[in-house]
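The next part holds the structures, each set out as structure tokens.
Note that subunit A is present in both complexes that follow, paired respectively with subunit B and with subunit C.
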Partner chain A sequence: MRFYEYEARKIVELAGIPVTEYGFCRTPEEARAAAEKIDGPTVVKSQVLTGGRMKAGGVQFADTPDEAATHAETILGLEINGHMPRGVLVDPKAEVKQEYYAGVVWDGTAKKPLMLFSDMGGIDIEQVAEEHPDHVGRGHISNLDPVFDFQAKQVIARTGVTGSQLTRATPILARLAELFREKDMLLAEINPLAELTDGRFVALDAHMEMEGEAVGRQAKLLREELEIAEDDTRESYEPSDFERRVKEIDASDHRGVIQGKDHNFDGNLGLVIGAGGGSLTLTDAVRSQGGKPANYSEIGGNPSVAKACGLAREVLQKDGVEKIAVMMSIVSNTRVDIVARGVIKACLELGLDPSETIAVFRIPGAWEEEGAKILDYYGVEYYDRSVSLWDAAGRAVEKVQG
Partner chain B sequence: MSAEQESIFIGIEIEEPAASDPELARKLEEVCPVSIFEATDSGTEIIASRLDECVLCGLCVEAAPAGAVTIVKKYEG
Partner chain C sequence: MSILIDADTTFIVQGITGREAVNLTRECLDYGSKVVGGVTPGRKGREVHGVPVFDTVEQAVENHGGPIDGSVVTVPPGFTKDAVIEALANGIRLVVVVTERIPRGDVAEMVEYADRVGARIIGPNCLGLIAPGLCKMGGIGGPAADAAKAYEPGVVGVMSRSGGMTTEISSTLTAAGLGVSTAISIGGDAIIGSTYAELMPFFEADQETQAIVIYSEPGGRMEAQLAEWVAANDSRLPIVAFMAGKFMDDEEMKGMSFGHAGTIVEGKEDSATEKIARLQEAGITVVERIDEIPEAVKEGIGR
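Coming up: the complex of A and B.
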């Protein structure tokens, strides 16, 4: 789940990290009042869940409250990358001595949170890591043990920061790491973390992303402290009809799980794929061999025939789909014969010949012999575990490309 | 009796008099994990639209007298 900047700032503030006195405003009048309260030059920032605000004119500087109100009016009507702003954030224009970066990300390889710090803030950390690797400090923290200040200090010191800057930045990174764990974040970032001319360190901008599965656990933060409505899901784009229908099919039957995505997919090979990371591997395998997937999908957890059929029907009915590939890594609880029945049924219901429509069926595992009988009866090309995912994907690409 | 309409892969046949036995009908309704059978006053009703969900567990065959219930896999020719 993603957060607007004003919410991310609030999360940071709740964790005890200093922030500037900002105001979230929905109207130009509120922006004027916030600027009057700040009593000095301000920055008016669009609150959208997308990047590129500065380039699009979504960040403006104001010397007076009237100017802040004028900028707010402009920004509130400014669409950025297809997103209309929820409001504007009015922030004091800080007197910055130096900008730093402080962040915590989930390291999927180490399966631990990773603290990051750089003395080159205000720009993308990926760019800094690539161009100035010696200016990025890194260090893992435990998933269970408390976060100690010395761990944060070691990470910061690796960038060459010393003295009072090191002392002041240390508790900020340590608190950020604690909030990352306590609030089930996937990303917690302060960029820039500013050292002001008076020596104070404050968060000037923050970016947070929470694990979607943690939304229920974090109800207090989301509903009470941030006042985010339950139906405010923060999807990064409007779901397509295909995605909505697949979701409905999934919700209508408790057995098994299906997911379907087609955002930015417009190929001719429909994918009915899944099992233990199989979907990502297979999508990559299709693309790497020149194939054009029409969708991404996940199927598993021993779905019913109706559910497998429902997903296959939706994929087959997508514009431009010529054939489907039904592929998974090795299944244990999902039954090969049930999936085979589902996809064949989808073809027959749509008046299509399964042997022509299913480019490849490669699902080894539970009940594969029974599945093979069904596929053989309908003349569908079937591969067992002796054929790799890569080769099966290649065969599907070959068949759809004629 | 048999119910093969609407199903593509699976057919189930119940011989008389078992098909008209209300007690067996209740048993079949209870044991089937995918709700293919419905107990009625006149015996067992097979819900044809559910047949393709059959997981081939064989519990219906075991619950009935020997030979009374037969599962037909249509793809075996």
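Coming up: the complex of A and C.
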């Protein structure tokens, strides 16, 4: 789950890391009031879940509250990379002496969080790491032991930073590492971490991403502290009607799991496929043999007939779908007779002939003899495990393309 | 032979009274695996297919009268970390975590704990492992009769990020007369207890194993890590890889996951195309289709 800058700053602030006196505003009037309160030059920043806002004109400087209000009005109406801003952040224009970078990410190979620090802040850390590797300090933290300040100190010292800068930055990186772990973050970055002319260190911008699986147990932070609504899921793209409906069908019944996605798919062959790995493999196999999948889907566990039927119905009703292919792999527990019943029911409910509409049914799985009987009865073309995933996909492509 | 498990391996099932766990226990017992106990807090005194149920792992070990080798953990995500550490704290040294949707931080915690006590975790989000004819630990391969059909003892070690595809691939190896030494469903999450590279030394040391087959997906650095391992170690084992999810290469798919939580493509280097290039550079044969795997293996071992 991604966060807006104003939320990320709040998360950082709650962890005891100093920030400037920022104000989140939804209207030009609120922006004026925030600038009046700051009583000095300000910077007005668009609050969007996308990068490149500086380039797009989403960050502007103001000397007076009136100017801040004018900028806010412009920015509030400015679309950036297809995103409209949620609001603007009005921040005092900081007197910055130097910009640093502080971040924590997962190292999947070491299976531990990795602290990162650089004395070249304000730019992309990957660029710094590539061009100036000696300006990036790194160090893992344990998943079990407390985060010790000395670990953060070592990481910072590796970049050559010393003096009061070292002692001031150390607790900030250590607190950031703690919050990364406690709040189930996938990414926690302060960039820039600014050293002001008066020597104070403040987080001028922060970037946070929380793991989706942890959203439930972080409810206190999300709902109470940040006041994020439960339906505000922040997908990386707007889900389609197909995706929304499949999700609803899945949620309405706890038996089995179905998934359907059609972002970037618009072909004529609908897919109903058993289990995750098989779905990836078969989607590739259809495409590699010249087929055009209409969607991606998965069916797993032990779904009810209604659930299997619901998924098939949604796939069949997608624009441009001519036939569907139902392909199961040799998985353990999904009853193929139930999948067969569901898919045939969907065809009949929509007034379609199953033997025409279902291009192929690859059957291996639990209760396959029972499944075969049903498919025989309706004249559906089906194959057992002796026909490979590749060949089943190829046969489906052949049939839909005539 | 086999790796990690054999005919004498004893294990318990944590969360044994859950619906899927009851099935899994039945399947493992039918296959001949030694399921010596089950744990569900508050259900002490019951039996699941004749397997005694306890409140704690400690009680299960006490009842067994000696150390237990393994545990299959299938409890809800919020309780998994504690269950795994309970097993490890009671001397269990091989834990298969079936549960999916466990937050990464919890997985990392249990893996670090396992490292400290010298234990191994397989999964999470996996179906376990099977040494054909000797032991089936987890739901891998399904009911005993189906597992016996798909898995015959043989010369190929299989590691797969997809539970279903572990069996799909093994089934083609069995049909081709090659058979399987040990097949491991390693799990579909971004962080897992045992990666390909971490399991390679076990296969390397197993005299029976003559080749390795892996099933891969986009996302993460696991394939790059294997390529590095192969380059650094003069392995005697030819490796054949199959990469699913090539359709996810499209820029539009960035940040999305398909099939398994671990498939999110974050940077260019974890895309399918990039991984294939990296595996090939390391001398690993990458096939286009699952049904090409047996031929590629035969070529690798000079049969």
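Here is the rule we use: the second predicted complex is superposed on the first by the 239 of 402 C-alpha atoms of A that agree within 3 Å, B and C clash if a C-alpha of one lies under 4 Å from a C-alpha of the other, contacts with A are read in each partner's own complex, and residues count from 1 in each chain.
By our rule, a contact is a pair of C-beta atoms (placed from the backbone, for glycine too) under 8 Å apart; a residue touches a chain by one contact, two chains touch by 3 or more.
Given the structure is predicted, the values throughout are model-derived calculations rather than measurements.
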| item | value |
| --- | --- |
| Subunit B versus subunit C as contact partner of A:Val161, first or second or both or neither | neither |
| Partner chain in contact with A:Ala31 - subunit B first, subunit C second, else both or neither | neither |
| Which of subunit B and subunit C A:Lys345 touches, first, second, both or neither | first |
| Partner chain(s) touched by A:Arg335 [first = subunit B, second = subunit C, both, neither] | first |
| First (subunit B), second (subunit C), both or neither touched by A:Lys111 | second |
| Superposed model, subunit A: greater residue contact from subunit B or subunit C | C |
| Subunit A partner contacts - residues on subunit C that touch it in the complex | 20, 23, 27, 77-78, 101-105, 107-109, 111-113, 116, 127, 139-143, 146, 150, 160-165, 167-168, 171-172, 188, 190-191, 195, 215, 217, 220-222, 225, 242, 244-248, 250, 252-256, 258-261, 263, 288-291 |
| Touch list for subunit B against partner subunit A, complex | 8-9, 34, 52-53, 55-56, 73, 75-77 |
| Contact footprint of subunit B on subunit A as seen in their complex | 304-306, 335, 337-338, 341, 344-345, 348, 370, 373-374, 377-378 |
| Interface residues, subunit A side, partner subunit C - complex | 106, 108-109, 111-113, 142-144, 181, 184, 186, 211, 213-214, 217, 236-237, 261, 263-264, 274-281, 283-285, 287-288, 293, 296, 298, 329-333, 366, 385, 388-391 |
